[in-house]
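Two complexes, one shared chain (chain A), two partners (chain B, chain C).
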Partner chain A sequence: MVTKGRDAWQHPQVQLARGGQYVGAYIVSLLLTGGPLWLVVRHGGTPWRLMIIIVACAAALTLVQAYFWPRLDLSRTQRWMTAALVLFIPLVVMTVGLTAWMFATLYARTMIPVLLHAPAFGY
Partner chain B sequence: MSQEVSVNPATAVLWDPSHSEHDMITTRTLGFWLYLLSDAMIVSSLFASYLVLDHRINTAGGPGPRDVIHPVTAFWGTVLLFSAILAYGAAMVGLKRGDRRIVLAGLGGALLLGGGFLLVEGRDFAQLALQGMVPERSGYLSAFYALVLYHGAHLVFGLLWIVVMMVQVVHIGLTPHVVYRLLNLKLFWFFQGFIWIYVFSFVYLAGAVHGH
Partner chain C sequence: MLVSYPGPWTPFFGRLDAQQIPLQNPILFWTFVLVSLGGVAVLAAITYLRAWGSLWREWLTSVDHKKIGVMYCLLGIVMLFRGFIDGVMMRTQQAMAVGPRSPGYMGALHGYLPPYHFGQIYSAHGTIMILFAITPILVGLMNIIVPLQIGARDMAYPYLNAVSFWLTAAATGLVMISLFVGDFSHAGWVGLSPLTELAYSPGVGVDYWSWAVQIGSIATTLASINIIVTIIKMRAPGMTWTKMPIFCWTALSTSVVGLSSFPVFTAAVALLSLDRYAGTHFFTPGLGGNLMLYTDLFWIWGHPEVYYVILPAFGILSEIIPTFSEKPLFGYITMAVASIAIGGVSWSVWLHHFFTMGAGPGVNAFFSIASMLVGIPTGVKVFNWAFTLYRGRVRFDVPMLWALAALVLLLIGGLTGMMLAMPAINYTVHNSVFVVAHFHTMLNVVGFACFGAINYWFPKVFGFRLDERTGKRAFWFFSAGTFVLFGSMYALGFMGMPRRIDYIPFPSWRPLLIAEEVGIVLFVIASYYMIKQLVVSIRDRVQNRVTSSDVWGTARSLEWLTHSPVPFYNFAVQPHINARDEWAWRREHGRGAESPEHYEDIHLPINTPLPLILGAWTFALGFSLVWRMYWLAALSLIAIVVLVIARSFQDDPGHTVPGARIREIEASYRNGLEPAGAAGDGAGGPVAYPGAVASRPQDNVPARP
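What follows is the complex of A and B.
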C-alpha cells in the first residue's frame, strides 16, 4: 500500500470512491426515508404495519449506506472495519433490547391504578 | 528461571513490519473507526433511554410526540444531510484523482448542506423552546432533546473539521497526513448518516405513528 511521498491519494481506501455508487445510494436513501414518511403522514396502514415498514426500511437503509458510502465489504482493504461493525451490532441490540426488557413491565408493577393496563411502551 | 529482556521502544521492530496492512493510513483509519463505534454505543444508550421514557407517564402531563415531532420538517433535514454526505463523496472522488479543486468543492458543498441541516434542526428546536417545550419540562422531553441534539452536536463538530481540512488541503496539499485525516472525516461524516437513519425512523416516524 502506498503511504509515502506525494501520491497518498493512490491508497486503496481512497481508490474505493465511486461517484456513481454514491449517487445511487443517495437516491435509494431518499426513497427509503420518503416512502415510509408518505405512508405515515397519510396514515397508510395500522400502527403495527407502519412500524414493520419503518423497521424494514431502516434495515435496508443501513445495508445500502454501509456498502455504498463507506464501502464496508469483505475486501482486503475493508474487512477489519466490516468485522468491527458486525461485532458491534450485537452490543447495540443488547444495550437497547435488554433495557427495553428490564422496563417492559415497570408501569404495571408500580401499582398505580391508571397505569396497571398501560402499554409497555408508547401511548 | 526466566531471563529479563529489555526492549527499546524507539528501535523495536514489530513482529511483522512487512505485513501489507500495516501502513500508516490504514492503521489510523481503523483506529478512528473503532472510536466511532464506541461513540455509537453512547447513541445506543440514548436510544435505550428514549425508548423507556417515550411513555405517557414520562410526559408529566405535558407535551408528547404529537406536539413535539414534525416528521415532514425532519425529512427536509434528511434531504440536506444526505446531500451533504453526497457532496463529501464528490470530495472523495476528487481525492481519488488527486484533484485539489474537486476536493475543495466537495468539502465546500458538504459544509453548506450540513449547515443547512443544522439550520432546519435549530429552527425546529427553537420553536419548541419558545412554546415552553424545554428539556426540563419532562423526562420525555429530556430524552428527546438529548438524543436528537447529540447527533446535531456531532454535525457542528463535523463542520468545524471540514473547515480545518479545507485550510489544510489549500496550504499543505494532499500529503499522507492530510489524506488520512480526510479519510477519517469521511468515516465521521458518513457515520452521521447512519445515526440519522435511526433518529429519523425511530424518533420521528415511529413517534408520528404512536402520537396520532
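What follows is the complex of A and C.
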C-alpha cells in the first residue's frame, strides 16, 4: 500500500473513491435510518417485530456504510482495514452486550420507585 | 451560544482575561517565577552553547525512532516530577489538616490548600501520572527498543511516529499551561460524572482536562498503530513469531489494547465535550442522559489502559531478569501467551471499577470472576520469573534491583487486586484509600520497571553507563518510600478513610498520615539521588563509556548486537535471526556483528518540521477550545487539515547513506572510537551524509582516553 512519488491522487485508497456511490450510500443510509424511525413513531407493529426490523436495518446499514464509504473489501489495498473491522466486531458485541446487561435492571435497582414515574423517565 | 456559563466572553479572547492568571495564589505565583527562571536558564544555555541549530536539526525535526523515544522519555520524566510534586502537596495537606483544631494557612481553613485547589491537584496528579508520565515513558521505551529488538531500521511509519510524539507534547503543554492560565479540573483523573458537566464545573478546568486527554489519546492510538505494524511487518529475516523477544510480544499486546481501547476514551470525552459545548445531555442525570454511561465508557477504556501500562512493564522485567540471572527466560511460550491473554481479558473486567453502581448479582458475579481470571496469566508470569531466577547466577545490578522489587510489589498489588475483585469486599472498601493504595502498588510495578529499564538500556542508547552507587541509593530510598507510604495507606483504607479528602476529621488517623508523609520524604530523597545519578553519570561519561555492544555481558536479545550508542542506521547489515535469544546465541557461537566485504547503501527517512508544526497547531486548537476562542479554533483546525493534505502531496524520497560511509563508521567503532555523527547528526538530517561527507574533518576524531 505504500506508494512512492508525489501524486497523492494515485494512492490506491484514493483511487477507490467514488462520488456517486458515496451519495447513493448516503441516501440508502437515510432510508435505513428513517424507516425504522417512522415505524417507531407510528408504533407500527409489536415491540418484538419492531426490534427485529430495527436490528435488520442496523445490520444492513452497517454493511452498506462499510462497503460504500470506507470501501472495506478483500482487495490487497483494503484487506487489513477489513481485517481490523472484523477483529473489532467481537469487542463491540462484548462491550455493548455487557453494557446492556449491566444497565438492564439498573434503574429498577437504584432509583426510588416514585422517581420512575417522574417526567424525566417518560411517565 | 448553545450553552450558558458564568463570566464574560469576547469574540477575540473568548473567556480569557487577565483575571484568569492566578497571581494572587502564592503557590502558583512562585511556581510560575521558578518555571520562568528555569525556562530562561535553559534557553540561555542553549544559546550560549550555540545548540539551536543542532537542536532543530537533530531532535525537534527528527523522525529517528531512537530520538523520538528519548524525547518521549524526557517528556514523561519531566511530567513524572510534576505529578510527584502534586503528590507531595497532597500528602502534606493531609498530614496537616487533621482534626478541627488543625490550623489553616494561605486561605485554607485547615492545612494550606483550599478544597478547590486540592481537588485540582489530585486530578492533575492522576491525569499526569497515568497519561502524561508513565504512558510517554513506556511509549518512548517501546519506540527505542522494539525496532532494535526486531532488527528494523526504524518504525514502520517514522513520520507518524513524530506526529504522535508532538501531539503528546501538545496535550502535555495544555496540562502544564493550566497551572498558570485558568485552572485545572477538580473532577478527578477519571472525570467524575456529573461533576464534569457544565452546571457543576462551569470553569475551564474540565475543558483543559478533556481536550488534553482527547489529544493525548489520539496520539497514543497512532503510536499503537505504528508499533503493531512495525512488529508485524518489519521483523528481520528469520525472526519468526516464536523467536521474537518477549518485550516485543508485550509491546504488541499492549498496542492492540491501546488501539482498541483509546478510541473509546476519545469518544466518551468527546461526548462529554458536546455536553459542555453544544448543550447535549449524554451524561446529565436527567433529560434522557445517563451519568453512569460515562463511567461505563470511561472504564471500558480505563481498565484496558491499566494493562496498557502494565504489559510493557512485564516485558521489561522479562528482559532484565534473564540478563542478571544469566539464564534464558523460563517458559517463553507461556509468557507470550500470557501477554496476549492479559490483553484479551482486559476487555471483560471493567465493571469492577463500579461494582457499587447497583448492577444485578449476575452482572457483578460475571465481572468478579472475569477480574479474578486475570490472576491466571499474571501468575504464570510470576512463576516464570521465579523459575528464571531459580538456580541462576543472580547479580544485583541496579536494573535487577528495580526488577526484583517490582516482583514484590506485583505480589502485593495482585493479592489486594484479588480482594477488590470480590464484590463483597469491594462494597466495603469502595472509594477508600485502600483502593488508592492498591492501584499505586500496581502503578509502582510499572514505575519500578521503568526505572529498571532506564538503567538497563541507558548505556545502549547513550553509550555510557548510569552511575551504580547513586542509582542504588535512589532505589533503596524509593523502595523504602513506597512501602512506608502505601503500607500506611492500606491500613488507613481498612480504617475507612475515604479518598480525595482535603480535611481529615479523625485525629486517630494522624499517625498513619504522618507515616505517609515520611514515605513521601523518602521519595524526595530518592528523587534527589535520581537527579544526582544523571548528573554524575553525565559528568563521568568518559570513564563510564561503554566499549562493547553488550554492557552487561549477559544480555540476550538483538539490540545488544549493535554498537553502543546505537548508530543512526541501527544495524550496518540487516541481521539474520538464528535463535530466540539471538545475541546470546551469537555470543555462545562466537559470532558477533557481521563485517561483510561490501556494505550496502542504507535508505532512511528524512527529517521534517511538519510534526512539530502540527503539534503547535494542535496545542493552539486545544487552548482555543478551552477558552472558547472559536476563531482561533477554526483557524487551527483548518491549518491542521491543510498541512495534513499538503503533506500527502509532498515527495518524501528519504535519503541514502552510502555503503562507504557505513564502512567508515563501523571501522571506527571496531577501533574503539565513537565516530562523529554516528548517533547524531546523520539521523535523517536534511543534509545527512551527502557523497562527500567522508572527507569531513570532524570524522577524524581522536580516541577517547
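Keep this in mind: the second predicted complex is superposed on the first by the 91 of 123 C-alpha atoms of A that agree within 3 Å, B and C clash if a C-alpha of one lies under 4 Å from a C-alpha of the other, contacts with A are read in each partner's own complex, and residues count from 1 in each chain.
Keep this in mind: a residue touches a chain if its C-beta (ideal position, glycine included) is under 8 Å from a C-beta of that chain, and two chains touch if they have at least 3 such contacts.
As the structure is a prediction and not an experimental result, all values here were calculated from the model.
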Partner contacting more residues of chain A (chain B vs chain C): B
Partner chain(s) touched by A:8 [first = chain B, second = chain C, both, neither]: both
Chain B versus chain C as contact partner of A:88, first or second or both or neither: both
Partner chain(s) touched by A:105 [first = chain B, second = chain C, both, neither]: second
Partner chain in contact with A:28 - chain B first, chain C second, else both or neither: neither
Touching partner for A:43 - first (chain B), second (chain C), both, neither: first
Touched partner set for A:54, first chain B, second chain C, both or neither: first
Overlapping contact positions on chain A, where the chain C interface meets the chain B interface: 4-8, 11, 88, 91, 95, 99, 103, 106
Contact set on chain A toward chain C in their complex: 4-8, 11, 88, 91, 94-95, 98-99, 101-106, 109-110, 120
Residues of chain C that touch chain A when the two form their complex: 260, 264, 286-288, 290, 292-293, 296, 300, 347-348, 351, 357-360, 362-363, 366, 645, 648-651, 653
Of all residues in chain B, those that touch chain A in their complex: 20-21, 23-26, 29-30, 33-34, 37, 40-41, 44-45, 47-49, 51-52, 54-57, 64-65, 71-72, 75, 78-79, 82-83, 85-86, 89-90, 92-93, 95-98, 173-176, 178-180, 183, 186-187, 190-191, 193-194, 197-198, 200-202, 205-206, 208-212
Chain A - residues contacting chain B, complex: 1, 3-9, 11, 13-15, 17-19, 22-23, 26, 29-30, 33-34, 36-37, 40-41, 43, 47, 50-51, 54-55, 57-58, 61-62, 65-66, 69-70, 76-77, 80-81, 84-85, 88, 91-92, 95-96, 99-100, 103, 106-107, 115, 118, 121-123
